[in-house]
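In what comes next, chain A is part of two complexes: it sits with chain B in the first one and with chain C in the second one.
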Partner chain A sequence: MIGPRIAKGCFNIAYLRSLPCFGNRLSCLPAENSSTKHTPNHPAKRTLKHAIAKLVFALTALMTLGCGETLPPAYKLNSVEFLRQEKLFLGSGEHFDDAYKQEIGSILTALFGTPNEPLVPALLGEDDPVLEVMRPENINMAAGPVSLDYHGKGGGLYRQHCSHCHGITGDGNGPTAAALNPYPRDFRLAKFKYKSTPLRSVPRDHDLTKVLVNGVPGTSMPSFGTLPDGEIAALVDYVKFLTIRGQYERYLMAELSNLDDGEPLIDLKLAQKYHQLAAIEQPTEQQEEELEEVEEQHLDSMWGVVGERLMEDAIERWVDADDNETEIPEAPDAFDSGHDGHRDFVATGRELFYTRGNCAQCHGDTGVGNGQIESFDDWANDWIKTPGVNPFNPKTYKTFTEAGALPPRPIKPRNLTEGRYRGGGQPEEIFLRITNGIEGTPMPATPALTSDEVWALVAYVKFLPYGDVNELPDRQINEKAIAR
Partner chain B sequence: MKFYLPAIQQMLVIAICGLFVCCCATAVDAQDGWGTLKGQVVISGDAPEMPLEKVDDHPDKSICLVDGELPKDDNIVVDENGGLRDVFVMMYVKGKGADAPIHESYSKDDEEKELSIDNVKCRFVPHALFVQTGKSVLLKNSDTVGHNCQVTTFNNECNVNLPAGDSVPVKFEKSDKIPGIVNCKMHEWMDGVVLIRDNPYVAITDGEGKFEIKNVPAGEWEFQFWHKKSGYMKKLESGTYKFGRKGQAEVKISNEGETDMGQLEFPTKAFK
Partner chain C sequence: MQIRLYFTAAMKWFMLSVILLAVGCYERPSAERLEYDSDAVQALRQEIKSVDWDE
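Take a look at the complex of A and B:
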């Protein structure tokens, strides 16, 4: 596995941290300096410009201070995604220049630091939206080596509790991962199963907290309910940190196929030219004009990598996670098992299970999970859909497993007669699973059903493990369902 | 989407409010005319023999037969004259293309051009579709069995259960660079292609391999060619046009009538 070629010896993260407006230290705002003197008085613009200037500076240092071998611990490069991009966009046998691996590693390090010295990418200083998503002190507490600080409080929580399964990078590929089924979550795809928000919306803190406190019953994901609230909160923030970092890395890699031969993601030469021009004390008119032009080009290109890919694509979706909460309308009275109409209600659920719910097609006629599907989850789909890969023939995907992908395993619909629910067995929790589907798995959302119909399905799902299906009143089940 | 610095303050507000801004240029008066781009993609070499879909003994087999027969994999479809279906012809949006003026005929609230992906005999109809961001697409199921329709692109996704005979509208908000896939998890052989993009200058070749994009701003643009089984079609050959690494060729759109790229040949050995 190739890690970003960044060794502690060759660049000092502590230096990055010490910069105002950068990293976990947020003593902003920038002092006036020569690089701002030509811009109109526009605070937001200036703040970002400063941030970019510092990023460029850090990058220049990272990329030019001749770095040697990776010293552990380091975040691992997403070699699987790199390979996938090559297979998708290049001819067979062609590769992207290895320099891109180093560039991506450097950009990520400049923004997110290292496992021992993580940085919150708060480029806009104290007002950066990322600070609504995670707190720097939480990141510091969760990352780093396992330790107790002088207050007796734990540090290095993630490495103590999580990384042997989820990997130090959050790639779901820690030392024990290959032996587990399901595999531990790879956070870098930014997909989560058990949440109160729809597909493609990130989970709320509430959801991640619940997963940590309860674990995922029926999988190896343990409960961390004995940890103090503050530590859970720190771990939740760190899961978000690794997710944002991992997703941003994927976005950067997706940019590669857009570049011309040899064109870097971030044009440092352009940046340097800009800073040279900006530093001229008494520029000529021509220099002024050139500066204006170079500035526009430079900020434009930086804006793509930093503003769009990082801020808009990777971070912004977390800011308002709470707003995407799926509303759970109250269950009809008949949902209550003491209610006269309850049996009929469950029978309605049964009918839907075979008909408009399409549930039996996956979960099987008796709900034991033996329907007709032979699918993979999205963490496998992510790369097994690459042309030339056949998930049933290991020879066709050797390069991917060598790059760090775990061998793909088909995903099974849940056996609903066992009464064990990974996302929790409360009626509201099952309601959410059926309404929104389960992200990353074949289980679809059900926008064609009304909420009362979903409640009827919840009632039937809850009935399945315990009740005798034959005792339910007969309902008109359509011919297809009977034929199945 | 492209942001300039003057827009940053606005951007901050947006970042905080979680709204999307659409910076697609609206029709620019100064544009000196519009033209039509057309052409045809044909294969050179033998048309690949496509396998039958892996229906095996799926319980829905009887419903999924087409004319009583097992359907063939329809990812590469070539007509008797070599015309290649389902090639995406897209304006290259890097550089100049990012700021292309958008003709008013591409207004997103045009109700008449309703888009849909239907499920018919366990196939997606159409097999390939272009959807502009923000535009509604109706996912339909004309079959008598249930399907689920899962769309997965780099930036967009949905996975909805489709009861027999029912339909569900969906919208996609983020622009992609290349098409993604449409799947049904209950019938694994079903696999369509969909491109979701802001920039509307896109065509998909028809059964004869022909394409046409109307109301393209006059001037020089690059157009990219992409097919699911080859990726960017850099191996395309034409007497007139040269194709780059990203399957792109420079085309001058005239504001008088049609700009015809003629026949573009794709060697079948370049399919992956």
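Take a look at the complex of A and C:
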């Protein structure tokens, strides 16, 4: 039966009319009987119908074209941080002068360029160590519009692979960000979770490369392992570029609270005056004194805003990132599952889990991650700690979400029984998580534990998804914990 | 009657277009574009170059 129907065509009007589901609803279609009042094939009416269709089409096309974005891509201002600084230092209802937004934009553009024409701020010239942190050829390969040259070498890698989640600015707020859980990383806080360096240190290139190559299991961050090494290196350098730029922007905003009303961050009029005075060939004694005074003020201002904040605070820590690598001591023999003392070793780890390791507080007594569940990560804490903001009441943080913040979500402790670890499931990787903690999250470092104790915890964590706790000695430890 | 029906059909398309455009053109609230003054950028670059950062 279906065959002839298809042969007739689904848009055979007589056939459609015969269907009970359409029935009289198809009154706009030609009637079966030409004696009815419907005469849609009349030329005048057909013309009217076509005219209306053309009008609708033209309006649609016009509206579509009208929505087109014509501005070139630009970095975004850290409006959330700007608002936070206003609320912290000026009180509610008061605002910094809007001219500061443009001044911050000008300083950042002078040093870091634009998304299409990025610059590496190498203030010391060719020997500047920042050129090792973010190599200009890599930055050029990763930034800019997506392109491919005659040699098959790609450009605009960041925009191709990363910006839809992490945003062009690296603010973790690309077009898809709000739909993801966890949210994509905002690089501007200069905090990275999965690394081989201690808390408050920046990651090594090796760590960032590993995240790009392996992805982050259990999140929307995929593996980019199929990209050539050169492209991965370019993306790593560009992530550092966006991080340094974003952190420096935050520093500039923090400086605003130290300024008098209308005082610029960098006084270009003062600089102009300094150059005018310095250009005088035979200055009077008064001019010499003035030059000395102006020079000091000018250099102080430049050093404070650019030298200290950019070179010392934002960049220097990246230069020697490799020196901070945490050493991983060899695991004790009992860590090997074939070793006779392995079960006791795992049991030691379990005891530490409930006692000195304090793991159960967040990961829960059975390790399913149901302990403390109302904590937030540092990316949310950064602004939800502003007075008057309650992360559980959207009305109190509406101004922040309007400024571009994503609604805060409590961070979930890992369910250790799933056997899925975001920072990698190798024992060495778990050792690093326990020893150093996880930056930006409530997971603390464990300086009070010896390396053997940490290894025992690693053994227990690796045992949880697959082992049966009843096989361990002193099973009453678990029973007591579960009874709690 | 017939014209009213045609009008209804056209309105359907029009409303559909409006709804689709409204959804497609909706932008989540986001941070402002970073504005800068090109002259100030040039002047700042000159100033940054003129300072001996080694000192």
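One rule holds for everything that comes next: the second predicted complex is superposed on the first by the 401 of 484 C-alpha atoms of A that agree within 3 Å, B and C clash if a C-alpha of one lies under 4 Å from a C-alpha of the other, contacts with A are read in each partner's own complex, and residues count from 1 in each chain.
Everything below uses one rule, namely that a contact is a pair of C-beta atoms (placed from the backbone, for glycine too) under 8 Å apart; a residue touches a chain by one contact, two chains touch by 3 or more.
Values in this document were obtained by computation on a predicted structure and should not be read as measured data.
Once the two complexes are overlaid on the shared chain, A:247 sits clear of chain B and of chain C alike.
Of the two partner chains, chain C is the only one that A:105 touches; chain B does not reach it. Contact with both chain B and chain C is seen for A:307 once the two complexes are overlaid on the shared chain. Of the two partner chains, neither chain B nor chain C is touched by A:197. In the superposition on chain A, A:124 makes contact with both chain B and chain C. Shared-chain residue A:85: touches no atom of chain B or chain C. Once the two complexes are laid over each other on the shared chain, residue contacts for A:437 go to chain B alone; chain C is not touched.
Applying the stated contact rule after C-alpha superposition, one finds that A:258 touches chain B and leaves chain C untouched.
Using the contact criterion defined above for the overlaid structures, shared-chain residue A:299 touches chain B and also reaches chain C. Residues common to the contacts of chain A with chain B and with chain C across the two structures: 45, 48-49, 124, 299, 303, 307, 311. Contact residues of chain C toward chain A in the complex are 1-3, 5-10, 13-14, 17-18, 21, 24-25, 28-37, 40-41, 43-45, 47-48, 50-51, 53-54.
On the chain A side of its complex with chain C, the touching residues are 27-28, 37-38, 40, 45, 48-49, 52-53, 55-56, 59-60, 63-64, 67, 71, 74-80, 101-111, 123-124, 169, 171, 173, 178, 266, 268, 271, 275, 299, 302-303, 306-307, 311, 401-404. In the complex of the two chains, the chain B residues touching chain A come out as 1, 3-6, 8-9, 11-12, 15-18, 58-60, 94, 144-150, 152, 154-164, 166-168, 177-178, 181, 185-186, 188, 229, 231-232, 234, 245-246, 272.
Of all the residues in chain A, the ones that touch chain B in their complex are 42, 44-45, 48-49, 88-89, 91-92, 124, 127, 129, 199-200, 254, 257-258, 261, 296, 299-300, 303, 307-308, 311-313, 315-317, 319-320, 323, 355-358, 361-362, 371-375, 378, 381, 385, 387-388, 437, 442-449, 480, 484.
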